[in-house]
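Chain naming follows the written order as A, B, C and D, and within any one chain the residues start at number 1.
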Amino acid sequence: MDLISHLPALQVIVPMLSAPIIVLLHPRGLAWAGATLAALVSFAISIALAVAVLGGETQTYAMGGWPAPFGIALSVGGLSALVLLVVTGAAAIALLAARPSIDQQIELERQPMFYSAWLLGLAGLAGIVVSADAFNIFVFMEISSLASYVLIAGGPDRRALLAVFKYLIMGTIGATFYLIGVGLIYMMTGTLNLADMESRIGDVAQTRPVLVAAGFITIGLALKAAVFPLHVWLPNAYTQAPHMITVFLAACATKVSIYVLIRFDYMVFQPTMAEHDNQFALFLMPLALLGILVASAVAMFEGNIKRLLGTSSVAQIGYIMLGASFISLAGVEASVMHIFNHALAKGGLFLAVACIAYRFRDLRIQELGGVAKTMPFTCAALVLCGLSLIGIPGTAGFISKWLLITASLESGPFGWIFVAVILVSSLMAVVYIWRIVESLYFGGSANRDTVIAEAPLQLLVVTWIAALANLYFGFFPEVPLALADNAAGVLMGYGK
Amino acid sequence: MIFVFSLFLLSLLIIIAIAIVQAKNLFVSVMLLSIFSLLMATNFFILDAADVALTEAAVGAGITTVIFLSALALTAQRERKVVGGRTIALIAVGVLASLIIYATFEKPRLGDPNAPVHQHVAPWYLEKTPEYIDIPNIVTAVLSSYRGYDTLGEVFVVFTACIGVLFILGAKPASLRGERNVERAGLRHHLIPQVVGRLLVPFIVLFGLYVQFHGEYGPGGGFQAGAIIATGVILYALLEGEAAALRAIPRSVLLGLVVGGALLFGGVGVVCMFMGGAFLDYSVLQSDPVWGQQLGIVIIEAGVGMAVCGALLSIFHAFAAREIAQ
Amino acid sequence: MIDLAVDALSWVLLALGGICVLIGGVGALRFPTFYTRTHAASLTDTMATLLVFSGLMLQAGFTLATLKLLAIMLFLLLTGPTATYALANAALESGLKPEAPTIPGRTRKKADS
Amino acid sequence: MKLLELLGYYNYWVFAIALVIGLYAVISKTNLIKKLIGLSIFQSAVFLMYITMDKVEGGTAPIIKAGVEDQIYSNPLPQVLILTAIVVGVSTLALGLAIVVRVNERYGTIEESEILESD
């Protein structure tokens, strides 16, 4: 076997096997360097994978050489490749910039374990994405969850502990619900392989255990993905986590759960369940709409800048769910694109926040008056990513919002309602981004005795890379669009 | 007969679960939880799952209880009265219970040989294992070869938990060490438990090793062995004091076991890749694929045992060190 | 003939063991104080274990299973009484005095001996 | 016969009831350790569901006996899955308890209501 065919496996095992080595790297900075190297290598692997599947083919890998329903199979298609790019990209970018901020927040002797947990989180998320086996997804979900509990518990405030405890309880309930659902499907089909499940579920699709399984899997994954109203753990966890961890998790953690949800709902349940449309139309779509409106509205009144952005993530997850619930090619494509673009925008925003947090400990918005005078570059990057989050033409965020609006209009006579919701919530996004910008640029500067300067170069450069990526993918969205198009085709092709 | 027995055990399970939730003393709850796990293990055994029963007894009833007790020693023993909020919880779980029971009536009956789970993938394992891997215990074959990747993931779950606990509780031993009073060093003043315990420790470790290396032929394997050996060392720590256990197996060795075990497992996979197979395809390790499979399974089971044993002991010591520091 | 005798003996042993467990259980529930209850429960640890395992070993005959049963029996005979001792000792150390209770309706004859 | 068939579902009912008892403890209790105890019951219940699937009438544990033909063996796959799940469960628990210990150190209590008051 050549290297290319090993790529799906390498995607997971490079970060996973690096993690135990990182624990042993004690001298200063070495753990960071090792972790960053591993993350960069896996980012390179995901780029190679994306190139390999750009043409529309799927790369599969039989773990241990055993054929598919008996052994564990990995498969990487357009959708997985795009999500992999997001996951590994977020990890690589955040790790590149992490050192100054992490040095400030985590004691030196605990850092090797921290970076090791970070790599395990990356390996877990990548493992979920490449896996084509329902139970294997559970195992890697647990690796990534445990790792993210550890990472969030690194937050310096004591409230971080409470936030992470809540997250642990919610996350475990979500994962166990997923496990119950998988068990029920296994009971009725006798297989764990997703493709095999799909072909065998047809005979039993209308039996009660499968219907209940669909419910359990949807609720379990919705809990993990923080779909409204199961999002209560998210704002606290994101606010209290170390700043660089917020960058990493906000960009990719919940998206991976959504990815699994979409995969299950479109590939396993879709072809056989007559109620499938209803499931989306009656449950997920209203939740998505409510989530968009309520979370955007709440975000307008949040005081802490990290909490504000975390709450806004719940609304953005609503957009992704809304696109998926149209059950149309355009809708799914918009949804997949938004996974990518929101990661760019939110990752960039949290990076900028991390820059600010490096100099200012208090992140309440009214305390940040006039920061732009001392940190002009950071604030400019923040504005750029903010524009992308709102969806101003020329930024990446615009592409997916535009796709979403087109898909809404195509979705039927009530399409204008969805368009209205999207527009209203975009206006709300303008309001909450403006609150930050107003404070940063025009707020009265409080008396600060400490020397305030621009953020360290390492942080700043990476922040600007992320900000410019928002611009770049606003003007040249061809590659992610091709992957999303490919993904939507595959997902919808199963149904029709 | 066994059917009636299993009905009895299952009903007992429910009663104990209710008692656990009702008990206001957390110590009582934890001990009942241990009994709950033991009953669960008995149920698993009746349901023909010997490996799972062994694991549940060692991990669920043994290790979990120890970890709970060490956490209780650091926090509070009693639970405060809860006011309000019960009705909503009751309604929510009531709905959930009826939903699951609603689903049961179209499930295959217990032991139905025509159930899909006995028709599709499982017969292949039972039929092909003698040919491809040739070890008697199919559970070990599935665990370490057909679904070896899951097991690798599981080792890394344990690894994550281990470094997580070390990270959260702080890896450095507390500064107060060394000047503890001798009174608290284990059970030194209890002659009888100490004598009996000392006698048992080597046998427990021996049994652990038996479970480790007999896993291909009977119930057992790396996880169970790791948990049993860890129990033996924890018993030693309880008898002789935590410091003595740390002198016998220092923290660095434990960390080495965890890291080494995880890397050994992963390393075997990588070697398979270099030798031209897929990741974790042990067939390529030897010229005869069956021998290769068996060699691979022995090595990765050793890796699993090391990692699990090291991780559980590290977690135990992390809690115990806090206790002394307080 | 021998087989039948062995079988009968083993069933007798098993039945006696069962009775010991039962007595131990009843005692643990009905006895008045902590120490008396522990005393009753310890019957299950020792006598019942011995009887039940002897019965089972006779059932198994000269096989590997008998050896395993012997090992388990030895283990239980070692740990059971030790655990009972540890329990009673812990109770004593925490201040629970082993005093005979006064049972209503009866007079104790030699209270001070 | 009808009754026996119904009792064939008894394992699943016990699974459902144990599951919700655990979930009830997680939702309604405010003591953090009690929540974790509930979580532990909640997870154990799922193990029971999986293991119930593997049983076959007249079957035995899936350890092949040399020279015995026509022996029915129970399904090894759910057992493998639950072996994994048990270890995952204890890992989550250890991490949760470590967090509770730290909460107790920083807040001085493990009652959720009191913690929320003190913030």
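For the reader, a short list of remarks on this structure follows.
What we mean here is this: a contact is a pair of C-beta atoms (placed from the backbone, for glycine too) under 8 Å apart; a residue touches a chain by one contact, two chains touch by 3 or more.
Computed from a prediction, not measured in an experiment: that's the story for all the values here.
The pair with more inter-chain C-beta contacts, choosing from A-D and B-C, is A-D. Rounded to whole angstrom, the centroid-to-centroid distance between chain A and chain C, based on C-alpha atoms, equals 60 Å. Each chain gets a centre from the mean of its Cα atoms; for chain A and chain D, those two points are 29 Å apart. Remark: chain C and chain D have CA centroids separated by 32 Å (rounded to whole angstrom).
For chain B, the set of residues touching two or more other chains reads 100, 104-105, 107-108, 115, 117-118, 121-122, 125, 147, 150, 153-154, 157, 160-161, 164, 168. Not a single residue in chain C touches at least two other chains. Shown for chain D are the residues in touch with two or more other chains, namely 19, 23, 53, 77-78, 81, 84, 88, 91-92, 95, 99-100, 102.
Pairwise chain contacts in this structure: A-B, A-D, B-C, B-D. Of all residues in chain C, only 75, 78-79, 82, 85-86, 89 touch chain B in the complex they form.
On the chain A side of its complex with chain D, the touching residues are 135, 138-139, 142, 146, 149-150, 153, 158-159, 161-162, 164-165, 168-169, 172-173, 176, 179-180, 183, 186-187, 192. Residues of chain D that touch chain B in their complex: 5, 7-25, 27-31, 33-34, 36-38, 40-41, 44, 47-48, 51-57, 59-66, 72-84, 86-95, 97-102, 104, 109-111, 113-114. Every residue of chain B that touches chain C in the complex is listed here, in rising order: 190, 192-193, 196-197, 199-200, 203. Residues of chain B that touch chain A in their complex: 99-100, 102-108, 115-122, 124-125, 145-150, 152-154, 156-157, 159-161, 163-164, 166-168, 170-172, 255, 258-259, 262-263, 266-267, 269-270, 273, 276-283.
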